[in-house]
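The two complexes that follow have chain A in common; it is paired with chain B in the first and with chain C in the second.
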Partner chain A sequence: MTNSRKFKNFLRSGSTLLATLLVVFVLVSVIAYIFSNGWGTLDASMFSGDYYATNILARTDESIEALEAGSFDRPAALDADIPFSSNYGFAIRDEVNRENNKVQSLVYVDPNSPLAHNMVIATAGNKQGKKAPFEVGTTLLVVDALDLEGNRTSHGQRKGESAEELVAALDETIAITGYQSQIPGGGIRGPIISTLILIGMSMLFSMPIALSAAIYLQRLAKDNRFTRAIRTSINLLAGVPSIIFGMMGITVIFPIVQALGVDGLSLLLGSLTMSIMLLPILIRQSEEALASVPPSYTMASLALGATETQTLFKVVLPAALPGILSAFLLGISRVIGESAALIFTIGTAVNEAPSLTGSGSTLAVLIWNLMGGETPNFRLASAVSLVILAIVLILNITVKIIVGFTRKEETKKVF
Partner chain B sequence: MKGRRYLSDRIFRGIFLFAALFAAAMIVLLLVFVTVRGIQPFLPSYPERQSILPFLTGMRWRADQGVYGVGFIIINTLVGSILGGLLALPLAVLSAIVIGRIAPPKISQALTTVVETLAAIPSVVYGVFAAGKITALVDDIASTFGISTYGGSSQLAVILLLAIMTYPTMTSLTISGIKAVPLTLDSASLALGATKMETYFKVVIPGARSSIFAGFSLGLGRAFGEATAVSMVAGNALIGPTTSLFERTRTLTSTILAGLHETVGLDYDIRFSVGVVLMIIILVTNAMIFGVKRHFDKKAEGK
Partner chain C sequence: MKFMNRLKQNKDISTDSDIISAQSALVDNPDGVAFDIRDLNLYYDDFQALKDINMEIKDRSVTAFIGPSGCGKSTLLRCLNRMNDLIESSRVEGEIIHKGQNINSPDTDVVKLRTEIGMVFQQPNPFPKSIFDNAAYGLVCQGHKNKSFLREAVEEALIKAALWDEVKDHLKRNADSLSGGQQQRLCIARAIALNPEIILMDEPTSALDPIATSRIEDLITQLKQEYTIVIVTHSMSQAARVSDETAFFLLGDLIEFDTTDNIFQNPRDSRTEDYISGKFG
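Moving on to the complex of A and B:
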């Protein structure tokens, strides 16, 4: 072999290797980036918590004027560098929370701390007069106290003090008269519920139509111009960008939903839009599932005297079930990841208690929301991305396992 | 298949046919309704009527001043998407050759999983990655040239992001194309004295040509229509076209999404016009790619 041929061979094998390594590197860096940014923010309270922070104005209950300072012991388990108020029995530290704000949050509250028992919510509303929550995780904004001479003073973050300064100042006081605190937001309970509603409704609308269309195309349609036109239309639909589906939702589906009495952007509008967007992929997957059923099954069933309908529902569909399930799971993972079409149809504002007829924001739309504006919140966006990524990857792996399993079963049947 | 038809069979046949027609009708509804909505701002009856020519050729998009020109946005979208697609194409073909021919079954399977995983990652997640990592990379590259960027939001960031996002589409189609090339062709080429690499590059890849074209056009379609991730790194330039890789850009999709608040008025309606432009661009590019493919096919036949 000539040297130039050898050199070309070397270049060719080198380039294939490099390209493959680069692709693996990209996948690893995407996952590593999301994981390293999101993992620290992820905790149980994020899944159950409200998205918007709640402000609390607390004062002493009717019975007493002020909570007198006591004497509390620092718990042994508490890190030495976390400031602890021995007068009032709580530990507090400076943090950056999920919403990317600098806060001072409680890390320990003594069970006998007067603040945990004798404070009521003074903010107007249905919770007024109820016991104010003074718990680990709550952030303190400002504390009103009486100093050694009995004069009112205020301390805390709002006064520009660090957690350490706050504790030091409070330990120079004799009583507390009230405080303002915040139950931190950044929870994704609302978006999770929205996502679930959207998944349920989209699949409910989409799956029956897709499966029926697939049955027609795979089992009933003759190979003629009419069928080819239907196929071409469905393929064209598959190539439409999702943002255009959002526009379709506004122009075509919005009037229909409005006629049903649901005005404005709603999860119903979003799920109807999604269900049309899902049609091409669900039809293709269902067709594949139906094609995997051997024709001999149909013939055997018909030969035994079963009607076409009986054959379809009792023989073909059960045999195609794994493939249909795969289609279903892939559809779900599409809904979870979709953002552009939904920004148009369900809105971007987070709804803490979403309903089918109200607007909301799914996890994916929430990410888009968090990344917009002047200061994108990378940490929470990454944490939510991590949740989405985990669900989508699990769904895809499940599909792979189902497909692999049915392939094995088929080979068993052949031999 | 003639014979007795049961009523239930006929009913279900009707339902299945209706479902197929319903699915097929959606593309018609979509095209008609979005187009009708998109041309509203140019009709005489529209209160703040826009002229169509300045809209299509305009080089400024100032929603705050009521100036809407998509000319430079079209150019930016085409440049960003095509360069992103062209960047992804060699990677797709080279790695598809590894998966389809070179690698042993186990490694080939693992690499297929890598491609499928890349395809499954939702676009917002790519957006977060791009806004965090790719923009930082672009900023670093720019600063070595002594150029300052808007935090890395730039044409280059869009190109890199779109290369990553179009890669899985192109690759999975190329893989199936490569697998469809009969192994006898390989054997023939090897028997004639070609090396394995020469066979892959001169026999297998040309043999998978039509799948590669299909993958490229599907990938480009995805690049044109990609919205949320792109809008996180585009930077939304107000004038254009963007001439430097490190300058901010604006794509059709990022324009549609930018500052979406109200659901009435010109600022909202004009987004549908941009959507119509986007659909036309996708259709025209697909037609062009199809034309190029036909040209290549004819040349191949001529040989």
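Moving on to the complex of A and C:
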């Protein structure tokens, strides 16, 4: 009897422990995978850089035919195995960039390098004739030079040369006439801004409505069939998959936004769609927050001759604040993590300078984008995931701090 | 005749301002009656919780409601400041005359009524705010903003509630950090700060230990000089100690209402006798 009970007990606690361990293991390995892939890709330029690479065609300015080679000293700090061109004063190496391409990137540029000063952009456009950027981080595709006999030659990655071969070849030249380079893309400044705009607008639209609805349902509505019907439908709506909200956005909200003069996919359309999608869950959470306020506070307040409104604003809402804040946080996390509803409404293409009325791509949609192509870019996707995880973490901590701050005094025993 | 006595009584122990307010109370309640309850019936849906209650609650005295659990003491108490309005299922019939007005009438300014009639609940229920904000709450809700006025009012209320000495250096602390007995005195202070005429107390000491209880009882005895107090209690000894008049209820009926001495020494009804001697309840 006792033995079989012991065994059953062991089995029960053993299986729950196992299940828990499994979940923890899966979570830890996912995060470890993201970290190992994404960490190396993260750097400061990623947050400020453009997503699309910019091609630059540079040549010497009108006055000079070619720029003569000089003699530059290798900087002491430079790793010995990185090729350095003493003729033109730059160091370059082979690497794989954020966009998962094999490239040759500038690691060092001497302040007096002719390439850094006397080259102008030759590509047609409004930048034509401006000084060409020859900076660390830029990738060099091909360099046009004059060899020892004065004949034109071209070297570099385009010609199938490694960084080392390029540098060696340039040592055999006397002057340079132009180059093609690329400012690498893979920066997520645009998606970050899009995400922030979307968070801001979605919460701006949804939170006041959700809070009002929660106040109505929790404190004003009579407990009748109508109220119960509303509650049930809110609960049902909370379970509707987001892609359906995306479709609703494009079919129902789109004409409304269009009537406001915003045509095409836009962050406005996306944030309106998100707001509606968030409403059920925000209402439910806010209602829970309000319900958690002890009725004795309301009684005490009303018994002291406070009006219903005063009771709400002076006692109930402040007491519900932690719960309301976590509803807010939950809403933000949903916006950050959403992709299905946004693909239809804000588009998938990255917008370098997003605005409310333009299309764009949030970080989550970007991940979808990066993983969707023929050659999924795991590394950049992981790096973006890390950024998302970091934002969510920071948000969580902020809310904890705010809640802790408002609650701080409660925990101190005076007497 | 009666109120001349009362006025005299007040003169012995109180200041001039008390006499002025005593006089104004006399004007408001010319017969020395704080509440004249007439044919009061109260229903929760179909259930009748109060049956034909008729009683006069005297001004500036302590009236105790006693009776077994569920007999309607709290319900009647909540009628006196219309807190039953908050219970959707409740329905009231009959009149409660207070200052010449029937407070059950739909014209009654409930918010104003509740500033004149304070209430203290069974469980101490301070707001999760500072001690100061708790005590000042009612006044702030009335629109008082002047800091020094609020400070004085809070100090006065806390002194009257016998809490000032313990909290005067901690007014900014959260009220949750106080002990249960201190919290209950804060709740009394919070009601007093509004300078009400009447304080309703629903088992104010049932959540407190004997020492805190006796402090609150002392407080009630002091407060009755200035306020009309109606207290619900399950403690016979408490009713005997603090109250001037006692009402005994049973299953929604008012069985007996008399001076406390009479109720405890010569009850007229056998059910009252059984209850106070502990035969049921």
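By definition in this document, the second predicted complex is superposed on the first by the 379 of 415 C-alpha atoms of A that agree within 3 Å, B and C clash if a C-alpha of one lies under 4 Å from a C-alpha of the other, contacts with A are read in each partner's own complex, and residues count from 1 in each chain.
What we mean here is this: contacts are C-beta pairs under 8 Å (C-beta built on N, C-alpha and C of every residue); 3 or more make two chains touch, one makes a residue touch a chain.
Quantities reported herein were computed from a predicted structural model and do not represent experimental measurements.
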Contacts of A:Thr307 with chain B and chain C, given as first, second, both or neither: both
First, second, both or neither for A:Gln258, with chain B first and chain C second: neither
First, second, both or neither for A:Ser296, with chain B first and chain C second: second
Touched partner set for A:Ser36, first chain B, second chain C, both or neither: neither
Partner chain in contact with A:Asn112 - chain B first, chain C second, else both or neither: neither
Touching partner for A:Val315 - first (chain B), second (chain C), both, neither: second
First (chain B), second (chain C), both or neither touched by A:Val24: first
Comparing the two partners chain B and chain C, which touches a greater set of residues in chain A: B
Chain B and chain C contact sites that coincide on chain A, given as residue numbers: 307
Residues of chain B defined as touching chain A within the complex: 6, 8-9, 12-13, 15-30, 33-34, 36-37, 90-91, 94-95, 97-98, 102, 111, 113-118, 120-129, 131-133, 164, 167, 171, 195, 197-198, 200-201, 218, 221-222, 224-228, 232, 253, 256-257, 260, 263, 271-272, 275, 278-279, 282, 286
Parts of chain C lying in touch with chain A, wherever the complex brings them together: 81, 83, 86, 88, 111-115, 118-119, 121, 123, 125-130, 137-138, 140-142, 166, 170, 172-174, 176-179, 182, 187, 190-191, 194
Complex contacts: residues of chain A adjacent to chain B: 1, 5, 8-9, 12-13, 15-20, 22-24, 26-27, 29-30, 33-34, 37, 208-213, 215-217, 220-221, 229-230, 233-234, 236-237, 239-245, 247-248, 250-252, 265, 276, 279-280, 283, 307-309, 312, 333, 336-340, 343-344, 348, 364, 367-368, 371, 376, 378, 381-382, 385, 388-389, 392-393, 396, 400
Of chain A, residues touching chain C in the complex: 222-223, 294, 296-307, 310, 314-315, 318-319, 409-410, 412-415
